[in-house]
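Following this message is one structure expressed as structure tokens.
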Amino acid sequence: MLEVVDLSAGYLGEDIVHGVSFSVAEREVVVVIGSNGAGKTTLFRAVCGLMRATRGTVTFDGRSITGRRAHEVARRGLAYVPADRHLFPEMAVSENLDLGAYPRRPRRERRELVLDLFPRLAERHRQRAGTLSGGEQQMLTVGRALMSEPRLLLLDEPTTGLAPKLAAEAYAALAALRQHGLTILVAEQQVPLALQLGDRGYVLEDGRIQLAGTSAELEQDPEVQRAYLGVA
Amino acid sequence: MTHPVATVGRAMTSAPRAYAPIVLVGVLAALLPLRYGDSRTMMGVIIGGVLFAAYVIGFNVIFGSTGQLFLCVGALAGLGGYASGILSDRHGLPMVLAIVLASLVAAVVGGLLSWIAVSRSLGVIFTGIVTLAFSLAFQNLLLGRRDLTGGETGLVVDAGSESLLGEQVAPYYAFLVLVVAYLVVHRALQRSRVGWAFRALRDDEVAAELTGIDVKRYRVLAGTLGSAMIGLAGALYAHSEGFVSPSTFAFGEVDVRVLVMLAFGGIGSLLGPVIGAAAFTALDEWLVSFNEYRLITYGAVILVVFLGFPRGVVLRSPGGWRRRRASPLRGAPPS
Amino acid sequence: MTAVALDGIVLGLQFGLLGVGLTLVYGLGGVLNLAHGQLAVLGAIVAALRMDAGASAVVAVLTGLAAAGTAALLLDLTLLRPVYRRRGEARVLLGLLLMLGVAFVIDGVLVWRYPIEALSLRIGGDPVDVLGVGMRTGSLLASAIAVGTGVALVVFFRFTTLGKAVRSVIQDEEGAQLCGVSPATVRALVLPLSGVLAALVAVTRSMTSPVTVNAGIDLTTLALIVAVVGGLGSVSGAFLAGVLLGIVNTVSAHYIGSYVTTIVLLGAAAVTIVLRPSGLLGVGRE
């Protein structure tokens, strides 16, 4: 479904991501793990069009989206949930959600699905997004992305700043989404959780893919264990 | 880890090489009266050019060094000019003393504006708006307090008309010395610890704060120093011209020009103000003959210049400095 | 006292309209349109010229509004492109400088070609009694237009999908993109709107006093003050600030004097920024 070939991207002439290639097949859950500064966010931003890649191609659903603007990519069915949320602070939770469906009208079934997934959002329906707690804002960002009924969901460290209980809830919600045929690509620093959820994973460090494999394989890998799982 | 100042020291050029360009400019400029000394009009134009170079250097110290958009250069110069004129004529102070006091007034006001901007963490645009408001308010003050300032008709400044400032060519040299002095001060500043702090806070304010740089203090310092420079130039002008009026220091007359001159010459650069002032003074002279088309041409020139030279002209500083000197802080990519 | 207050509100509603155009453009792209007043004057002069040529007031006004809107759209599609490509301080500065150049060009052209042209829409009729004060029909019509437009704008921005899309770009441009909103398209729609609003204010002003070719700078300054006090990027803020400042303006002019009034208004802007940088109802865009 998503095919990234030899992608490089960066800021002010300096590349942060170097020649990254990976793919995500339909209905898969793929995880990208890496430490802070590894380039996960840059990679995602380049894929979804918020940044221009310096080299490489991105193909989504068989069609090239290389160089396409973010709003075009969003309309094609690739929804990005950024780590820093980018919600609309002065608008209510419901308005934020509705805008997720833009330019289409939000479908009732989809809205109900999202509110079922995140009951707290239903409670705070009318509240201004800017007044929500960190965890609630995170949920709203995911919910907003889901409103567009995307085929591929890109999540950048969705559990940042969430208490462990909430993080587990968030991942349970994501697991539930698999049943609805959604394909998911997640970048995570919290590796154990991510490996539990995902089918396959990539390890990104210094802007390059260092390792690739199924979740099981990665869990067994001594390098991964040492670097991310706290095993000496 | 080596101390940042030591790092900067190693990357520096030697003193003679650093100040050489200033000497060169000074010498070349000193030759101008040989060509134009006979024409009172031309000398007037050239003096205007050097005056603006002084204004722009002051503005450069404030904006180029610390990013504070002071849209009140005219008002600061006006403070200097009017204060000096009033102190010397009305209150009988010796001209030199009046000029010094007037510059102090401008420095204090500028420092105050900086302090306000800094305490309220006003960004570029808001600093611009507040200083613009001050600028327009000052203009209204000049027009309104006729008893003090002569209102619209202006103020005649007698003090200094007997000194060398009243002559045709001599004032030019006075201003030239001033500009060279300003350039030397700016250069010395750039090479000092203060200059290092300026670059750091311009590069990344948060990181600078964390390194122990008191951003507030350096901003107020820049605001005060730059305003003093502007006020001094304005005071000097009042005595050499012998007359000041609100329109001499209006936003449209001064600030617009200063902004365009600096942006053209290179924000934060050393000789940029001189280049910009020279270029646009020449342009203004050329446009005098245009009469009705003057405004249109000025506007068109602004558009062409800033559309055509986006990289090299506008905001050379943040990028330019990083290439020439070791940046004390490595810039972090946007989050 | 009621007369002064009413005058203030009438003036204030127009102030609000003036500020809304400016605040929208800033909110959408960080561009401070220093040519806003000039666009207003452009519309007014075009209308005046059409009337001189024999067109009816309505046709002339519509032509003027269209002219201002088209000019704004052209600016967005051409000059502002390089501005939007930059971020942060670079964008602010370049936008400022380019719009300054535009202001000079428009001013220069109008003053050069039509130096004595002015728009003046005399509305006949006897004064109407409002709350015990006799108001000229011109003032009433101007207020009605301002109120009507204001209400329409608020309804548009609060209740329609497109209006919310516009607000989303103002509140978080990246977030809007992630929702499939194209900031460029939104700007292409709203910039002409701001031009039309500016010209509309010139039209309503002309119902009480003539609008001349050199009114540009004053209108821009006023728009800036209103937008800043109301909070850059907030439509309702601009209206609220407009009305408040309108009342301050008339009260000050009536009891003190016109020189001081300008200082008072400027002071209001400065004080607001210092005490509450985001303005009365600001949205906090840097």
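All chains are identified by letter, namely A, B and C, in their written order; residue positions are counted from 1 within each chain.
Assume contacts are C-beta pairs under 8 Å (C-beta built on N, C-alpha and C of every residue); 3 or more make two chains touch, one makes a residue touch a chain.
This structure is a prediction, so every number in the text was calculated from the model and none was measured.
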{"item": "Most centrally placed chain, judged by C-alpha centres", "value": "C"}
{"item": "Chain whose Cα centroid lies at the greatest distance from that of chain C", "value": "A"}
{"item": "Averaged-CA centre spacing for the pair chain C and chain A, given as whole angstrom", "value": "41"}
{"item": "CA centroid of chain B to CA centroid of chain C, Å", "value": "33"}
{"item": "Centre-to-centre distance between chain B and chain A (centres being mean Cα positions), rounded to whole Å", "value": "50"}
{"item": "Interface hub residues of chain B, defined as touching at least two other chains", "value": "334"}
{"item": "Chain B to chain C touching residues, read off their complex", "value": "67, 116, 120-126, 128-130, 132-134, 136-137, 140-141, 143-144, 252, 256, 259-260, 263, 292-303, 306-307, 310, 314-315, 334"}
{"item": "For the chain C and chain B complex, residues of the former touching the latter", "value": "32, 79, 82, 87, 89-90, 92-94, 96-98, 100-109, 111-112, 217, 221, 224-225, 228, 232, 259-260, 262-263, 266-267, 269-270, 273-275, 277, 286"}
{"item": "Complex interface listing, chain A residues touching chain C", "value": "48-50, 69-72, 74-75, 79-80, 82, 85-91, 95, 98-100, 102-103, 105, 144-145, 148"}
{"item": "Residues of chain C defined as touching chain A within the complex", "value": "161, 164-165, 167-168, 171-172, 174-183, 283-284"}
